[in-house]
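By written order: A, B, C and D. Residues from 1 in each chain.
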Amino acid sequence: MFTFAILSQIALNGITLSAIYILVALGFTLIFGVMRIVNFAHGEFAMLGGFALSFFYVSLGLHFLVALPIAAVAVGAFSLVLERVVYRRFYQREMPGMIASLGVSIALMYGGVALWGTHQRSIPSAFSAVYTIGPIFVTAERVVVIGVCLVSLALFYLVLRFTRIGLAMRVVAEDRITAEAQGIDTVATYRFAFFISTAMAALAGGLIGQLFSLSPFMGLMPLVKAFIVVILGGLGGILGAAIGGLVLGLGESFVSTFYGASAAQFISFGLIIAILLFRPQGLVGRKEG
Amino acid sequence: MSVLLAVQGLGKSFRGLRAVNDVSFDIREREIVGLIGPNGAGKTTAINLISGAIRPTSGVVRFRGADVTGMPAHRLARLGLIRTFQATNVYAGKTVFENVYVGTFSSRPSGFWPSLLLTAAFRREREQTRSRIEALLEDLGLRDLADTPAADLPYGYQKMLGLATALAGKPKLIMLDEPAAGLSAEEADLISVLIGRVRDQGVSVLVVDHNMRFMAKICNRMVVLHHGMELTSGPTADVVRDPRVLEAYLGTEHSVA
Amino acid sequence: MALLLDSDDAPSARWRPLARWAAWAAAAAALLAFPLAAGGFLTHTATLVLLTVIGAAGFHLILRVGLVSLGHAAFAGIGGYTSVILMMTFGLPWIVCFVAGGVSAAALALLVGPIVLRLKGVYFVLITFTFGEILRLIFNDWQSMTGGANGISHIPPPWPALMDTRAYYYLALFAAGAAILFCARLLASDFGRKMDAIRESESLAEANGIPVFAVKVIVFAIGCTLAGLQGSLQAHFIRLISPLAYSFQESLNFLVMNVVGGSNSLVGPIVGTVFLVALPEFLRGWVEYQFIIYGVILVVVMAALPGGLVELWQRACRWITSLSTRSGR
Amino acid sequence: MRTTLLAAAALALAALINPPQGAAADLKLGVIAPLSGGGTDWGIGTQRGVELAVDEINAAGGLRVGSETYRVSTVTYDDQYSGQGGTTAATRLIEGDGVKFIFGPLGSTPVLAAQAVAAPGKAVILSSGYSPRILTPQGRHNFRVTLATPEFAPAFIGWLRRTNAQAKRVGIISPNDATGQSVVPILVDAYKKAGFEVVLDEKVERGTSDFTPLVTRMIAQRIEVIELDSSTPGDAGLIVKQARQLGYRGMIMQTGGPAIDEVVNIAGGLAEGYTTMEWFDAGSPEAAPLVAAYRAKYGKAPMNAFVPIMYNAAKLLFEAVKRAGSTDVTAVSAELEKLEGHPSLFGAVRWGGQERYGINHQLMTDFFIAQVKQGKPTVIDRVRP
């Protein structure tokens, strides 16, 4: 079983998953870091992203690589409405914010059911080519997924590192009171962070729809993965999300190929508990306080 | 006057960073001791270490003759060592009376069943506690506010209530973390009078505060911390004139500005 | 009753004792007479409500020390499976199985509690979610013991007479009544004050001599015990047990009941449970929108009514009182 | 305040007491099906099948029983595909609505739950779960109106043996739910009897969407037949797509279903060669009137197999009620048993199950083997179990 061909196939599968997980988890951890909200509706924004992509790509017939960012921006824009109406009331209040986001999650999920029904649907493959590199099968679909993730992660990093608003987000995440005292417009910062977060989730949702399938219930998977990634990497950290995503994607791919899906599930849950107990700050995080 | 609290070689490091390093001092009965030092000198950490909120990495804390190093805070409270905090000192959702009632727990029998079953003995004891709380509130001038939610109190009264709650636990030693912070000069004076009265009733006090005027007025002795180390200690009059103390304070003032 | 609910701050001073007793008597009579007036299905639903109230009250206790356990339903599962397996495989009498259901949940909570309670806030939510899911996977995969995903069917009722829904209603009423009185008494006692102090500020409570960690472990164990007892009663009522009924969605339901009803008083979970079970009745023909409405309610309650429906009621009372005093002048 | 709230709650509940039951000339049929969550499409199919049969008999003037003519109506409740939902829905139908004839549920757990509520003898249940425990000698009023795995697996796998003489290594992917757990042992047994070797038997948790690890494993084990068992249509489509993308060249079978339209929808061109069973051939001439009625009432919505199955079951029930001359549960059950040979949408009625379950309450029907050819689902064979 442990041949080079299989191991490299597993690595490739794992990296595809990792790319998506990181994209989802980054937005999740950003909202937590900046606003201290555990956004239970994060997966639903991914779901909306999938359906938005389906609309722009399938119904309107735009090119896939054009439709994808448009879908993400559309969902991001929609999320700003929710930010204004709901989320803004709960910033910096962890428990009430979590419960309210749960309400948003339920409402969006079943709103999706009312609009689109419950059956799984797919987004037709935009890139159907399959390449064989030696013994490994590489689909163009997966190459695109990895590429899109890399580009958006790079963009995210650049924004965070080199723009004013990125700096503002980092400062607010570090110490809100000081940030306010220094005249940073926290409301605008929150709004921008929220937009970026949900747009990234929507992007991931589109990629999930392309690679797998779409349904109003599809949001649970990205949410649970985001949880696991941030627990692995530590809540609120960027580097942590990247490392957590890689560990989870590769680990899942490896374990479920060799030991089966149930084993993978037990192992990942066991790992979460162990990490929460012994390193609640995550594998790379710093201790708080 | 016998020694109530003895701290020897107390130390704590976070990830190799020494927040408190080799601090030793005593507090005797009926004594008010001030713990001073510039920002980040490790004053609050020292209180946290003594009160059991965090565990020291080195050193020994003895309270009333027993080694209490690393003992959890609730057990220390039952032994008679009670502290207050810089920020949260009241249960915001509870009334003034209820706040103080919670404070009495460390001085009362803690059985689970008598209270659940409302035994006659429990009710008698609770009646006594109630009178005691009323007397305490009367004494502190909070009587009329007994049914007011703590969250609705002005800031000065909240500080007062925090003190009342701590006193309700019948402490032998009370540790006050910045009791006068954010108060007006008038309110601070009120608190200092109060602290004096507490001492007169036989309770020792350890105070941390930035307000030197306030500290100089109430403290018998002072311990000065700087960079987590003990800079000097002695009678208040000597310490406030010590040039090293002045330098430590001014030094940080400059770096802040 | 007045004695059981004794507390220093009861706002009951306004009430004349006679009126209070009369109200209690009326409520008790209404609950006792309910199955006689209502049909079989309503009695069935009411029984489910009563049983759910037991678990929701357990969840409430845990919530009152500031913790949200998303593994709560899994503890109900532990109670249910223990009770059913003891009865059906080992033929033990029901009462033994019922007690064992509660004891097993308590034992597991005492085992796990000291570990998971080291975490707070969001981290506690996450670890209980994970733990609950692990338990669900075990229920689902340990086929030789739990019957796997199919679960165990044809579970006998506690005793044959309880095959009848009406009879079971009275058992449920008794159990729910006992559970609620116990919780009310607990919350009104000194222990309850300690719980509230912990919810407001753990460090302050600790400094005031409250053994925070021990109190949390005890509360977690009591809450889980109630869940376990509910699980046992429910399995013997539905006469079928399967892992699906103990997923984290069910724990979420407990949370929604508490939040919607009100998380500051024990009345909250009771009102919340009734509301959540009754709501679909009012929304008939709107089945597909039912969950959307749940979600919106949750958001609205959190945003505008942190005390839940109980607070709404209190506000309404105050408003009426102010109206009547105004018109009296 | 607590007291008043309690009293108010009790009164509110009491106010919900059901309206009086319908007039004597009204016959209510119950439908229990999933109308929320994953199985919704099948639930709607179940509901529509019964409704079409009901429309038909009402249009013909109603159901004549003895001297009386009944107008037939349906009451449908959602079971959320769960045991508790099945119990609640059945209690509601039997106790609240006074229903004596129930169509569905279609998941194993809710069927068992509904049967427990209806015992002893409160209602006839015409269900369609896969679990072997649904039919027992004691359950005199429980019938199964779809073929379940024990019936069709040997015939389907026998067909596979005949058409693929060399294939040997089989890998099974099944959902880790009630149906998957009860069915897999039966499938494994059937494959072994037909001379195959079951090399891998993988259970998948709900909500899994990445099957590449499983498929990689299958390929590494040189599997020649991937069996998808009772995987949901969406999962089946994904597995087919991912397997082909990873270069899997063997057979992909689904002994269970029906899912072929969704598989084509999701896997597109990669679905070629996917083989499954169909309970019903919607393209056959016998099916034409039903398809027309369905189109007239529900428009272009896809018609899944539960529509003809439940339509057929409702018509069988009407016939049995007519013959019994009453709506008595015991009499109608007895007449249902005696319908052997009666013409139906699925051909002459055949009851089976005696050897396997100890009772002849399994409706035996021919089924069809369908395969994706040139991107289109095509019926390629008809098999009699």
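What we mean here is this: contacts are C-beta pairs under 8 Å (C-beta built on N, C-alpha and C of every residue); 3 or more make two chains touch, one makes a residue touch a chain.
This one's a predicted model, so the numbers in the text were calculated from it and none came from an experiment.
Student: Find the most central chain, measuring centrality by the gap between its CA centroid and the centroid of all protein CA atoms shown.
Tutor: Central by C-alpha mean position: chain C.
Student: Consider the two chain pairs A-C and C-D; indicate the one with the greater count of contacting C-beta pairs.
Tutor: Between A-C and C-D, contacts are more numerous in C-D.
Student: Taking CA centroids for every chain, report which one is farthest away from chain A.
Tutor: B
Student: Determine the centre-to-centre distance between chain A and chain C, using the mean Cα coordinates as centres, and give it in whole Å.
Tutor: Taking the mean C-alpha position of each chain, the two centres sit 34 Å apart.
Student: Taking the mean of the C-alpha atoms as each chain's centre, how many Å separate chain A from chain B?
Tutor: Taking the average C-alpha coordinate of chain A and of chain B, the gap between them is 47 Å.
Student: Just curious, how far off is chain C from chain B if you go by their C-alpha centres, in Å?
Tutor: 40
Student: Which residues does chain C have that touch at least 2 chains other than itself?
Tutor: Within chain C, residues 137, 141, 288, 291 contact more than one other chain.
Student: Would you give the residues of chain A that are in contact with at least 2 other chains, written as numbers and ranges?
Tutor: 113, 262, 265
Student: Within their complex, state which residues of chain C touch chain B.
Tutor: 3, 6, 8-9, 185-186, 189-191, 193-194, 196-197, 200-201, 203-213, 218
Student: Give the list of chain B residues in touch with chain C in this complex.
Tutor: 51, 53, 72-75, 77-78, 82-85, 88-95, 97-98, 101-103, 105-107, 112, 115-116, 118, 130, 165-166, 169
Student: Spell out the part of chain A that touches chain C in their complex, as residue ranges.
Tutor: Per the touch definition, chain A meets chain C at residues 38, 86, 89-90, 94-96, 98-100, 102-111, 113-114, 227, 231, 235, 262, 265-266, 269-270, 272-273, 276-277, 280.
Student: Please output the residues of chain D touching chain A within their complex, sorted ascending.
Tutor: Checking each residue of chain D against chain A gives 36-38, 40-41, 176, 202-205, 207-210, 212-214, 216-217, 220, 232-235, 237-238, 245-247, 262, 265-266, 268-269.
Student: Which bits of chain A are touching chain D when the two form their complex?
Tutor: Touching chain D: residues 1, 3, 6, 9-10, 13, 17, 113, 117-122, 124-125, 128, 130, 132, 137, 139, 141, 208, 211-213, 215, 217-218, 220-221, 252-253, 256-258, 260-262, 264-265 of chain A.
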